[in-house]
Amino acid sequence: MSEEIKRREKSPVEEFRRERERLNSIVLRRGKENIKKFFTLDAAVYKEGALSAKTKELLGLTASLVLRCDDCILYHLIRCYEEKVTDQEVEEAFSVALVVGGSIVIPHLRRAFGSWEELKEKGLSREGGQP
Amino acid sequence: MSEEIKRREKSPVEEFRRERERLNSIVLRRGKENIKKFFTLDAAVYKEGALSAKTKELLGLTASLVLRCDDCILYHLIRCYEEKVTDQEVEEAFSVALVVGGSIVIPHLRRAFGSWEELKEKGLSREGGQP
Amino acid sequence: MSEEIKRREKSPVEEFRRERERLNSIVLRRGKENIKKFFTLDAAVYKEGALSAKTKELLGLTASLVLRCDDCILYHLIRCYEEKVTDQEVEEAFSVALVVGGSIVIPHLRRAFGSWEELKEKGLSREGGQP
Amino acid sequence: MSEEIKRREKSPVEEFRRERERLNSIVLRRGKENIKKFFTLDAAVYKEGALSAKTKELLGLTASLVLRCDDCILYHLIRCYEEKVTDQEVEEAFSVALVVGGSIVIPHLRRAFGSWEELKEKGLSREGGQP
Amino acid sequence: MSEEIKRREKSPVEEFRRERERLNSIVLRRGKENIKKFFTLDAAVYKEGALSAKTKELLGLTASLVLRCDDCILYHLIRCYEEKVTDQEVEEAFSVALVVGGSIVIPHLRRAFGSWEELKEKGLSREGGQP
Amino acid sequence: MSEEIKRREKSPVEEFRRERERLNSIVLRRGKENIKKFFTLDAAVYKEGALSAKTKELLGLTASLVLRCDDCILYHLIRCYEEKVTDQEVEEAFSVALVVGGSIVIPHLRRAFGSWEELKEKGLSREGGQP
């Protein structure tokens, strides 16, 4: 196997996706009606409406940053990437989250900047679903 | 004094503004350079840029809802009102915040819906500043 | 109006209920499908199942205490009262929440003990709904 | 009753103390061994040791600010006042808390600055106990 | 060493236990009286009383989920497993936690479902102690 | 390469520093004026003033513990180590954080005790910057 392929496989974004998929299949097999309804609702609130899907993903991203959940941040970053959010727009959402949430957000911000770089370098595609 | 005037004076939005102004004057009198710089930075991140001021206020509103801070929610609701955010847009930001933050957000959501009604009924103007 | 009646009307539990009802009617008038679905789901997860309604209310109470939301705590205390949770059971759930959440929970614990006293003294009835 | 006396009675610091005392008596009457042990431990960790009582109160104040609990903030401000913390020292602890916790801390910071002014103006004395 | 044994050794549940034990021995060697008392109190609140040990573990599990602490969740899952909590009961506690805490809980919920599967497959035994 | 050297390279403290440096360089390359100003302000509030740099690092450490951010805890532990905070002082700050924040802090406390041991054993030097 080439070095390039190995490096891709060790991508945090790819690892996150694979692990998330593996665990989601357990959730859907073991979770009952209420948990499934929550997952459906979670997908519904980000759908285009009076606010664009792009704006809603920026809302989800900012909320995830101030609540300091790396998996949620990465999920919404991937969605922002798909919705063609620009570098400048992501940076400005990051700055709002940093000021609202304070320096305790910095370790997550650092990883978020790193993931955004990776997304742009590798041009990953999407599979949808919950944070 | 008429009943109407008394009712207006008991408006939670007006009370919030008066108390906030009174306390802000203490902060600015007693706070030193670092606190003042934070307040300046806090104003700066919501300024129009790659993202509109309106979108940034929606980010601030959603972040405040999931972090469950009534004063911050009210501040950003007033700013959303000034930036001509529509009922539908506010409702959709609320729904994202509710799903991200869970039922623990509901008491704040209830008060936010109440404040939004009051803002529309009374058509309040703005004085700027920090949450 | 008698002093007794006035005192009852100033009951924090009664005030909470009235204000909550007033605001809930705004939420239901202004909230769209997703917010309504969340409210339905919120009611559903506390229904009797493999775990009793009583146990589920104790879960909701403990979660509300560690997340430090007074309205949510009061709501679940009222529900615990209706489900015939005893003084000893409430006290033990409080002690778990205090140890998990730390001294930052104490102000909420104090108010929760006060509300529990009031509930027992006044024997309030219930109207259901979200925290 | 003179205006001066009425103003003092409406002091948030005094109100906080009275209500806290009323509720603490319920906690101590209804709380069992584990809750009492927690309260004892809570008092013990602020006692003079390798770190001074003053430094420990500043730790408690900063922790309460970033966790955004007004009652806890006020309790530790009263204790800081008793331990002869200066205006400059309080202001610097506030600035650390503001930067760590972000703008979501501002409403609590505003009230904390207001309470500190009140403490200095009125020279209140102390009664000890838990936040 | 067989593949089976290696896979078991890489079990997240086993890793968690080993690392936790290693660090607990440092805490007990370096922590003084107050920290030790806290650990004792932490064990005490989960003991059988008016509420069963099983119910108390479900309280601890739900609190840990809404506070989003993976180690605490795993600890209480292990304890729930030992207290013979059923799949249905765990799933219902998960659904309460998900609705109270919102989608930000989902990454922890996913890992919790995964750990529960592992616990059932491997039938691990217990060593006690703090989260 | 000797076992000793390999073990040092796998030091969590060293890994944290390397990864933090790598990501900080992305933040500084991609972050605009507001994010940079926040980083400058973050450094400024810990500078010697009315409170010593040592006391301020203890404030930062306690705030990071109750907010449960491992990277922030480790950063302030390193700074405390540099400011010659003693074992007893760190232990007392830990005990305040544990009581304020509750058992949910324990997993972070365990890792903090482990990192403090490592810092003392290896006598690491410092490179400065944000948590």
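Per-chain numbering from 1; labels A, B, C, D, E and F assigned in written order.
Keep in mind that, in the parts below, a contact is a pair of C-beta atoms (placed from the backbone, for glycine too) under 8 Å apart; a residue touches a chain by one contact, two chains touch by 3 or more.
Note that the coordinates shown come from a computational prediction; the quantities given were computed from them, not determined experimentally.
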item	value
Result of counting contacting C-beta pairs for D-F and B-E, higher pair	D-F
Selected pair, out of A-D, B-C or D-E, that shares over half of its residue contact pairs with B-F	D-E
CA centroid of chain A to CA centroid of chain C, Å	34
Rounded Å distance between chain A and chain F, as computed from the means of their C-alpha atoms	27
Of all residues in chain C, the ones touching two or more other chains	34, 38, 41-42, 45, 63-64, 66-67, 72, 91-92, 95, 98-101, 103-104
Interfacial residue positions of chain D with respect to chain A in the complex	66, 98-105
Residues of chain E defined as touching chain F within the complex	20, 22-24, 26-27, 30-32, 34-35, 38, 42, 63-64, 67, 69, 71-72, 130-131
Chain C - residues contacting chain A, complex	33-34, 37-38, 41, 44-45
For the chain E and chain C complex, residues of the former touching the latter	41-42, 45-46, 49-51, 55-56, 58-60, 62-64, 66-67, 72, 86, 88-89, 91-93, 95-101
Contact set on chain F toward chain E in their complex	68, 87, 91-92, 94-95, 98-99, 103-104, 106-107, 109-111, 113-114, 116-117
